[in-house]
Structures are given as structure tokens and as C-alpha cells.
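The two complexes that follow have chain A in common; it is paired with chain B in the first and with chain C in the second.
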Partner chain A sequence: MKFWAIRVGSILLAVLVSYGIGMVAQGSSGTVSRLIALAGLYVTLAVSLNLINGITGQFSIGHAAFYQVGSYTAAFLASQLLARGTINNLGTPIPWVLAAVGIAIVTSGIAGFLIGLPSLRLRGDYLAIVTLGFGEILRIIIQNTPQLGGSYGINSPKAFVVPYVWMLAFLCIGACRNLLQTAHGLSFLSVREDEVASGAMGVNVTRVKVAAFVLGSAFAGAAGALLTFNEGFINVNSFTMDVSFIILTMVVLGGTGSITGSIIAALALFTLPEFLRDAPPMPLNAVLGTLAGVALLVGTIRLALDQKKLGRDFLTPKTYMGFGIAAVGGVIVSILANFLPALANRTIPSAELRMVIFSAVLVIMMLLRPQGIFGHREFGLGSIFKRAQA
Partner chain B sequence: MIDPLSLTAGLDATALPQQLLNGLMFGAIYALVALGYTMVYGVLKLINFAHGEVFMIGAYTALFVSWQMGYFQGASGLTRATNPGILILMLITAMVVCGFLGVLIERFAYRPMRKQPRIASLITAIGVSMLLQYGGALVLPVSPPRSILEQVNPYDGNLSIPLKPRDGELNAAFAKAKEAEAAAKATLEQRIKQEGVSSEFDLSDEGKQIRSASQSAAQATRDAENKYLASGMSLNIPYGQGIMFLATLALMGLLTYLVMFTKTGRQMRAVAHDFDSASLMGINVDKIVTITFIIGSSLAGAGAMMCATFLGTQLTSFVGVPWGVKAFVAAVLGGIGNIPGAVLGGLLIGVAETMVVWAGGSQYKDAIAFVILILVLLVKPGGLLGSAKVEKV
Partner chain C sequence: MSEPILELRNATIQFGGLVAVDNVSFEIQKGELFGLIGPNGAGKTTCFNMVTGVYKPTGGDIIFKGQRINGIPPFKVAKLGIARTFQNIRLFGALSVLENVVIGGFLRNRTNIFSSLGYMPGAIKETERLRENAMALLEVMDLADEAHGRSSDLPYGKQRRLEIARAMATQPDLLLLDEPAAGMNPQESEDLMNTVRKLRDDFGKTVLLIEHDMKFVMNLCERMVVLDHGEEIARGVPAEIRNHPEVIKAYLGEAC
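The block that comes next holds the complex of A and B.
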């Protein structure tokens, strides 16, 4: 009885929250509504990549490719089959949208299957390159296919999909969470920990890997289809390697294997560039100085962490000196940069810092805390209470 | 200088040798870059994603040196260099800067990750690569003339190697067609005078027939000329690219000597064979890794300098991505960790790309490397010259 109450209750709650978010989006301006939808899509993408990279321990860096398959499937169907009159207003019937999402799930699932198959034979780094290459091949093929809009892009009807975007996000989170509670989920985790040993324990490694790829890419494909209806226009530039790397950064930052970590990192990294968009242009020397200061700071913290591992204090006079050196070094670099004629007095739009920050986050995270902020742990109310008691 | 890849003319058998040659030129650069990937992979078992960005920095270093020596767009009195001094300076500077950058990346990004799982160092490598790309985009020059001026290269012109002389009979036919064209033109001009009109468009109907006869005679002459030109075959090698190819071979020879016949090379091979045992045998593993990064990165720098100078590649901070990825594919194709394999793979990738262009699929030029990669990994994951080992992550 309690089992069903929790199940039904949480499903109802998720649906209600999704509609709530949808109502908030409807009440706000078009830009904000679009951002709310994109945030939900990025949560789905990060959690679904976490299923492949974090939970199953594969290494895919081409998640945007599956996103793209789903998006183009929906756009192709919609632009071919729906009446032209509905294009660019929010009039697409919702059952139609859901049907397109369903077909997108199938096509991107097939794409995931095709990529999952070679993964049986490939080690981590090779697999990474294959997923990257798949994305590039797909981009080049679409660019040269006039039926898919070529490099110009493809128009599709729009629909108000914010509630469905968030329902998909909750569905993805729920699926991953519930998977980890079952014996199936344990086999995914065992493949991550040790492939050979889990094979010896009777886990069908092949099936687990392919299942992870198919599931992860199907969720990404559904997100892509919803993106199509949210934007009304897509082209290959929405699915470049950068998008894959952003999703990867979200997963790495949150902690590979931690679902809550992925969600929080996705939301944080998604909102950051939106703040940068409105920020005033930055002086270049200040940016360079900050980068140098952060590099020195990271070095100091790493040395202090090594000391801590040896049983000494983290905060010693030397550590404070390192912090000082980092601050002074940053200032010195920013002053010196103004003496170079090529760099002096240049400003750069803050929006261009987005990818620099992402890549810096990726490197810093790896150097200081390779397991991500949350590691393999989950973050929740329960764990906070446990900590408070202890 | 013309971009070699634009010289295609459909599935034209006479263009094939030239295209193969162009492929080898590109392939030589891929091979140089692939050597860096393969050496680092051999020693550390790490795909150095930032290698493409080392290439990019090398190309920019060469650009800056050429600017410093006065070869920038809009410089007054720009004449072709008379001696290769600047080229050599550019090459050496690019190699030194890249070698230094490679050491920096290894020391501060990869070495701290050595005890971590392989995926962690891979993510670090991706992060470093992106940081250099986007950080570079902030700092490096973005105004239009971004490639090295060809005046830096003192060797102008082509080396033309005739493969097959042109057909004499076709030449006679060409001369005949030329005569016929001249005759038809004379008739037309006479007619224009006869009718007393100002231009050939105002002619009477009969005169228009004469005009179209003259036009078809001109067309026949062009056809005959094309046939005549296509009957022979010759290879054109710009001197600069020839020098590039020779320099590439020389660098590869030097590398072979270093790896096979010196003490350091022996240590390097030992570390590649077994990292831990090598360190137990008293080899300073860190030193060998550093040397590997110096060699690999400076080869990428040399490749970048030659590519930017002799192939006229436009420079952006993202220029290293396609070169890096294709060179990586070359390394995998030859068998990663295997030095002759990287050279073979590089040349094959270069030839494969120009063959795709030759076959008329120039828009798929960038995809072929990935197709080859996926095929190799599916059919022969060890690569052409590598040994297929089942390794665990």
C-alpha cells in the first residue's frame, strides 16, 4: 500500500510541478519561457549522459549527436507532414508533438544502438573518438542533404512544450534513479567498476553497455524533438561539438554517477552564460589576470591537498602564502598584459567567456576533485539530516 | 599559391597522379602530427587531445615570427625573400615554442592525473584543449590576414615532371580547328561590313546563321584544345611543397635515429613497453615522458609551420581541431603507439582525402577520416601495423 502511495504520489507531484513550471513560463516573457524550456532540456541531456558516462562507465563525448538525431527527426516530420499554416505559431496540436517525440525516441534509440555496438570492442578513449566522429559525420551528412535544410537549417511548427520538457526531465531522473535501485542497475554499476569481473559474475556486459547507450540516446533524442517544437527552427550549429562538451562538463562537474549532481551542475552551468549575456564587456587584461590567478590558486590548493593526504594540516602558513602569491600573480599578469601593445586596452564581450569558463571548470575539477562535486554520492534531504546528526 | 585541393576536375584519370601527389603532401603533415599522438600514447597510454592546439600555437608562432621579420599584409616594399633564413627561423621558433608548451601541459595538467583513472586524464586533456582553443580566441589576432604571406618562401614556381607527352595528332587537329575558326570569323566580319550594321547582333537572318557557324567553330577549337591538353600528363610540385616534403622526411629520419639508436630512445621504448618495470630498472620515467612530449610537440610545431607556410592554411584558434583529429585517426589507422604506423597512417589519410575530393565529394572530405576510423576500429582495432591486444580500461 505504502509502495503504491509513494509511486502514485511522486508521479502526480512530478506532473503537477511540470505544469506549475509551464504556468510560470506562460506568464513570463518569451525569452524567459524559452530559457526555462532549455534548462529542462539540459537537465535531461546531462542526466541521460550521466547514465552512459557516470553509471555505466563508458565514455561518450558526442551526446549532441543523439540530441541532433531526435531534433531533426521531429523537424523533418513536422515540416513535411504538418500544414504550412501552423508554422511559427504555437498551434501545433499536442498529441502530434508527442507522436513526433515518440518517433524521435525510436530513431535516436537506433542511433544509440549503432554507436553502442562498436563500444563492445572499444576501450574508453577510442569510444570517445568514435562518438565524436559519429557526431561530425552526422553533421556533414545533414549539411549536404537539402531535404534536411542543408547548412541553412529547417523550419518547423512551434508548440508550447515547457510542461512536457520538464515532464521528460523528471521521467529521465526517475528512470535513472529507479534503475539504480534494481538488480539491473547494479549490473550497470558493476560494468563501470570492473568489466571483466562483472562478466565473470554473470553480468551480460554487452547487453548492459548497449542498453545504456540506447536509453541515454533515446532520452537525448526526446529532448531534441522538444527542442525543435520549442525553437521552431533548427540548424546544425545547434549541435556542434561544443554542445557535447558542455553536457560532458555538466556531468563531470556534478560527479560522474551522481544523478542529483548532474541536475545541479546542469542548472548551474546553464544559467551562468545567461548572466554573462547581459554583463558588460570585460577588459582583456583582467580576464587574463584572473586566469593566471586561478591557475596559481589551483596549484596551491593541490599542493595543500597533497600535504593533507600525508596527514598534515590543509591550512598552513605556506598555504596562505600560496593564496597571496596567487592574488599578487593575477594582479601582476593583468598589469603586464597592458604593456603588450597587442593586448592592451582590449575588451571582450562577456558572452565569449562562456566556453573559456566551461573548459577551465573542466580542468580545475579534474585537478582538484576528479570524482566531481558529489562524487558517486547522491545529494538529498536525507543525507543532510544524516550529516547533521553525525 | 593555389590550394591543391581546388585543382580537381571530376573523375579525370589524368588528374589522378597530381591528386595522389597532393594527398602525399597533406599526408606528410598529418604524419608529423600523428607522430606526436602515437609517441605520447605509447608512453602514457593517453590520447593527448591538446596536441591539435599545440599545432595551432606552432602555426601562430610561425606567423608572429614572419610578422616580426616584416612580412605582414600591407607592409611597404614587400618582395619575395631571397634566402631561406626566415623559414628556418620560423621552423626553429615554432618547434621550440611547441616543445615548451607540450612540457608545460604535461607537467601541470597530465602529471597530476597520472595516478587517477585513464578517463580522468582524458577529460583533463579535452579541457586543456578547449581552454587553449577558446582562450586563444580571446587573445590571438582575429583581424583578416591571418595566414603567412607566401613572399616568405624564397622558392617560387613549380617543378614540372612530364609523365606522358601530348599527342601530336591531337595537336594537328587543334591547329586545323584554329584555322577553321579564324576562317569562320573572317567570313562573319566580312558579312558585317557587307550589311553595314554596327554589331553582329543586328545582322539579318542569313547573317545570324554565319554568326552561329563562327561560334560553333570557336567551340570546336576549345574542345580540340582541351583534348590536346588532356592527352599529356605532368606532375606539378610547387618548390615550397617539395621542400616541405623533404623536411618532413628528414625529421622522420631524425626521429627514427633518436628512437632506435640512442640511449634515450632505448629508454623511451622501454617505458612504452612497460611503464612500471622501466622505472624499476632505474629509468627516470618522468624525464623520459618530458622528452617524449618535447619531441612530439616540436614535431607538431614543425608540421604547423610548414602547413601554414607552404599550404597557406588560414589561421584561427580552432585550426588545430581538424588537423589534430585527422592526425589522431592517422595514428589509430597505423596502429597507435607504433611510429612507422603513424607515418603510414598519415600518408594514407592524406591520400584518402584527396581521393574523395577527386571523386567529386569535396563536401565529404572532412568526414572520410572518421569513416576510416570507425571502419578500422571495427575491423582491425590494433591498426595496420599495431598488435591487437585486448586491454582493460
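The block that comes next holds the complex of A and C.
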């Protein structure tokens, strides 16, 4: 009784919060409303990639491809309905939106199945290349298929989907959380930890990997379908390698395997570029100087951390000297950069700056905290996400 | 004699030019404590890998409970009732001690993945049941106090015991232990011997074990086969093996 009360209560809560977010979005400007939708989509994308990479330990770096499959499935359906006059340009009715999402789940799930198959034989970098290649092949196929809009793109009547975007995000979070609460989820983790030992313990490693790919890509596909109706127009540029890279950064930053980590990293990394968007272009020499300074700083911290592991103090005169060198080094690099004709007086537009920041953040993470900000741990409302103890 | 639980019939495996296991045949009866010994590189672990489906024999047959199991994938072999430990410990390091054992029991799980994704009562009950079983096994293996610690934080000897607990969780009929006493001090070794005996006496398991510690094998095992360079050089009860000229020759120069 209590079990079902909590169950129904939490589902109701998620639905209410989603509608609440929807109302906020409706009350705000078009730009803000769009951002609220995209933030929810990125949460879904990061949490679903975390299922494949973080929980099951596969190295998929082409998650945008599944997002794209879902998005184009929905756009294609909408364009067909539009051509037949079932819907008009004013907007897609919600039942049609949900039907399209359902079909997108199927198509992207099939794509996930096909990409999951190589994961049975390939490991690490090799699997990464396959997943990345899939995205590129897909892009080229779409660019050369007029029915899918070619390189121009494809129109589909908009719909107000913000509440559904967030319901999907909560559903994805809930499903991953539930999985990890059960023995089933442990079998996914065991594949990440040691495939040979999992097999010897009777875990069907093949099935687990394929299931992770199918589930992860089905969620990404559903997100893609909602993106279609949120934007009203999509083209291949919405699903470039950059997008895959950003989703991957979110998962790595959040700590592979940690659901809460993925959520927080998704929200943080998603909002960061939005702040940068309005920033003025940055002088190139200042960016280079900052990067050099940060690199030296990270190096110093890394060395100091190693010192600490050996039982010495973190803050020694040497550490302070390192900080000093980092500051001076940064300034020197930015001054020197202005003397090089190729680099002098150039600026980096803010849109490209975010890629610089993402890459820097990723490298810094790898050096200082390879396990991610939250490591394998769950964070925040604690007990909801923590794997149960006996 | 009744039907053996495990039978190797001329089992052979070749890696390129190297015949790692050459025409090896032996039978193990239900409830036996059986030893597989031999110097380094004799092919003992390779025998385990053939029995558990990691490698497919290039010749001969592996018969388990009357069924030919050559080339069946490892997870199916585990379901049939053969569980193993690894010479180079392979725990699920980032997971807790208890979780390691729960995974061992998962192969007898009766719920489907949708029930787990939806956190349905069936999946919850099943997980609860596996957890209780796991906890009981940790009691048997004397690891209950560390149940919630990270398995990779355990000291070496306890990691070996945890591997046995995890294998036991699959509810096997036949337990394969690859050097279970390696790296243990004499006291730990002694305790382990009693535990393995208990697994047979109280839980009815048949045990096939590889071990370099001669005192351990001679005291524990009732029968054994000795391999050298992939071939059988002797078999019998401990007293016969101890004084067997071939065995002494094979081990000459090795500490035993």
C-alpha cells in the first residue's frame, strides 16, 4: 500500500513539475522557452549515454546519431502528414507528437541495436570509432536524400512540447535509477567491471551490452523527436560531432556511472555556452595566455596532489612557486602571442570559445579527477539514487 | 560406479604450435574433492578455461552431468552448474562485497528487465531474495563484516574468499577453484581448507581445485591428477602422488 502510494505520488510529482516547467516556459520569451526545452533534452541525452558508457562501461562517443535518428523519424512523419493534409502548418496536435515519439523510439532503438552489435567484439577506442563513424555516415546519407530535406533540412509544424521534454527526462532518470536498485542493474555494472568474470558468473554479457545500447539510444531518439517539434525545423547541423562531444563531456564530467552527476553536468554545461553566447569575442592572445596559465596551474596541482599522496603537505613553498609560475607564464604567453603576426590582434567568436572551454575542462578533468566530479557516487537527495544496502 | 559429474575425454587444446593440454582424460565423481596439480605452465588453468567455455577444445570432449559442453559459452556453462574462481583475482572492484555476491546469484533471476526498469514488486522481491542469499554466503565465508565495503579494498586473502562466495552464489554443482590459497599466510590457508571442506560436507558441492601449495592439496584432496607440459603424468590418492617418481622429477627444482 505504502509502496504504491510512493510510486503514484512520485509519478504525479514528476508530471506536475514537468507541467510547472512548461508553464514557466510558456510565460517566458521564445528564446528562454527554447532553452528550457533544450536543457531537458540534454539531461535525457546525458543520462541515457551514461547508461551505455558509465553504467555498462562501453565507450560510445556518437550519441548524437541516435538523437538524429529520432529527430528525423519524427520530422519525416510530420512532413508526410503535412503533405497528406492530416495536420496543417499551424502546429502538430499532441497525439500526433506522441505517436511520432513512439515511432522514433522504435527506429532509434533499432539503430542502437545495430551499433550495439559491434560492441560485442570491439572494445574501447575501436568501438568509439564505430559509433562516431555511424554518425558521420548517417549525416552523409541524409544530406543526399531529398525526401529527408538533403542538406537544407526538413520542416515540421511546431508543437509546445516542453512538459513532455521534462517528463521524458524524469522517465529516463527514473528508469536508470530503478535499474541500479535491482540485481539487473548490478549485472550491467558487472559488465563494466569485468566482462570475463561476469560471463563466468552467468551474466549474458552480449544481452546486457545490447540492452544498454538499445535503451540508451531509444531515450536519445525520443529526445530527438521532441526536438523536432520544439524547433519546427531541423537539419544535419543540429547533430554534428560537436553535439556528441558535448554529451560525452557531460557524462565524463559528471562521473561515469553517476546519474546525478550526469544531470548536474548536463545542466551546467548546457547553460555555460548560453552565457557565453552574448559574450563579446575574446582576443586570441588572452585565450592562449589563460590556457597556458591554467595548464601550468593544473600541472602544479597535480604534482601537489602526488605529494599529498606521499604524506607531505599540499601547500608547500614549491606549490606557491608553481602558482606564481602559472600566473607569470600565462601573462608571458599572452604577450608573446601578440608578437607573432599569425596570432596578433585576432579574436575568437564566443560560439567557438565554448569548444575551447569544453576541451580544456575535459583535459583538466582527466588530469585531476579521472573519476569525474562525483566519481561513481550519487549525490544530493542521497537515498533516492544510492544503490540499496541490504 | 555412478555417472561422473565431470568427465574430460581426451581433451586437447592447441594454441598455434603449442599444445597446452594434450589428450587429458579424467573423471570426477559427485561430492569429491579433486586436485589438479602440476608445475607452472602445465595447462591447469587452460583445463579450467575449457571446462567453463572460455576456450573450445580443439579435440576431445568435456562431459558435464552426462551432457557434452564443448564450446558452450561461459554464461551458459555457469547456468548448467559450474562456477569458478580466477587465479588472478577478478572481482567487480568498484562494487561492494555484497553486490559482488548478488551478481553471482543473478543468473537464477526470474524477472525481466522491464520489471527492473519499472522497479516493480517482482524485481524488488527478487533483488531482496538475492541479497539475503548473498548475505548468508558471506556469513559462511566469514566476510559478513565487510559486506558493504568496496571489494577492491579487501585484503588479498579475503578477496580470494569473496571469489569463492561469488561462485557459490551461482548455486553450482561443481566448483572450480584456481589456486585459492595463493598468497595466503598459513593461518588463512588452514581456515580456507576447513571452509572448502565445509562446502563439500554441508553444501554437497563437488570441488575441483588447482593449487601449488602441496601441503594444502595433500591434506584436502582425496584424489588428484598431475599434469606436466599439457600431459597427464600421474593420478591417484595423495600418498601415491607424493612418492611418484614422475611427479618428483617434474617438480624437481621447484619448491614443494
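In the analysis below, the second predicted complex is superposed on the first by the 371 of 390 C-alpha atoms of A that agree within 3 Å, B and C clash if a C-alpha of one lies under 4 Å from a C-alpha of the other, contacts with A are read in each partner's own complex, and residues count from 1 in each chain.
Note that a contact is a pair of C-beta atoms (placed from the backbone, for glycine too) under 8 Å apart; a residue touches a chain by one contact, two chains touch by 3 or more.
This one's a predicted model, so the numbers in the text were calculated from it and none came from an experiment.
After overlaying the two complexes on the shared chain, residue contacts for A:318 are found with neither chain B nor chain C.
In the superposed model, A:203 lies in contact with chain C only, and not with chain B.
By the touch criterion defined above, A:136 reaches chain B but does not reach chain C.
Contacts of A:189 after superposition: chain C is touched, whereas chain B is not reached. By the touch criterion defined above, A:144 lies against chain B but remains apart from chain C after alignment on the C-alpha atoms of chain A. Touched residues of chain A, counted separately for chain B and chain C, are more numerous for B.
Contact with neither chain B nor chain C is seen for A:308 once the two complexes are overlaid on the shared chain.
Contacts of A:179 after superposition: chain C is touched, whereas chain B is not reached. Looking at the shared chain after the overlay, A:34 reaches neither chain B nor chain C. Counting contacts as defined above, chain A residues 196 meet chain B in one complex and chain C in the other. For chain A in complex with chain B, the residues that touch the partner chain are 57, 59, 61, 118, 121-126, 128-130, 132-134, 136-137, 140-141, 143-144, 195-196, 241, 245, 248, 252, 284, 287-288, 291, 295, 299, 302, 342-343, 348, 352-353, 355-356, 358-360, 362-363, 366-367, 370. Per the touch definition, chain B reaches chain A in the complex via residues 46-47, 108-109, 112-113, 116-124, 126-131, 133-135, 137-139, 141, 321, 325, 328-329, 332, 363-364, 366-367, 369-371, 373-374, 377-378, 381, 391-393. Within the complex formed with chain C, the chain A residues making contact are 3, 7, 175, 178-179, 181-187, 189-190, 193-194, 196-205, 211, 215, 257, 376, 387-390.
Residue ranges on chain C touching chain A, taken from their complex, read 52, 54, 73-75, 78-79, 83-84, 86, 90-96, 98-99, 102-107, 109, 111, 113, 116-119, 121, 123-124, 126-127, 130-132, 134-135, 147-148, 166-167, 169-170.
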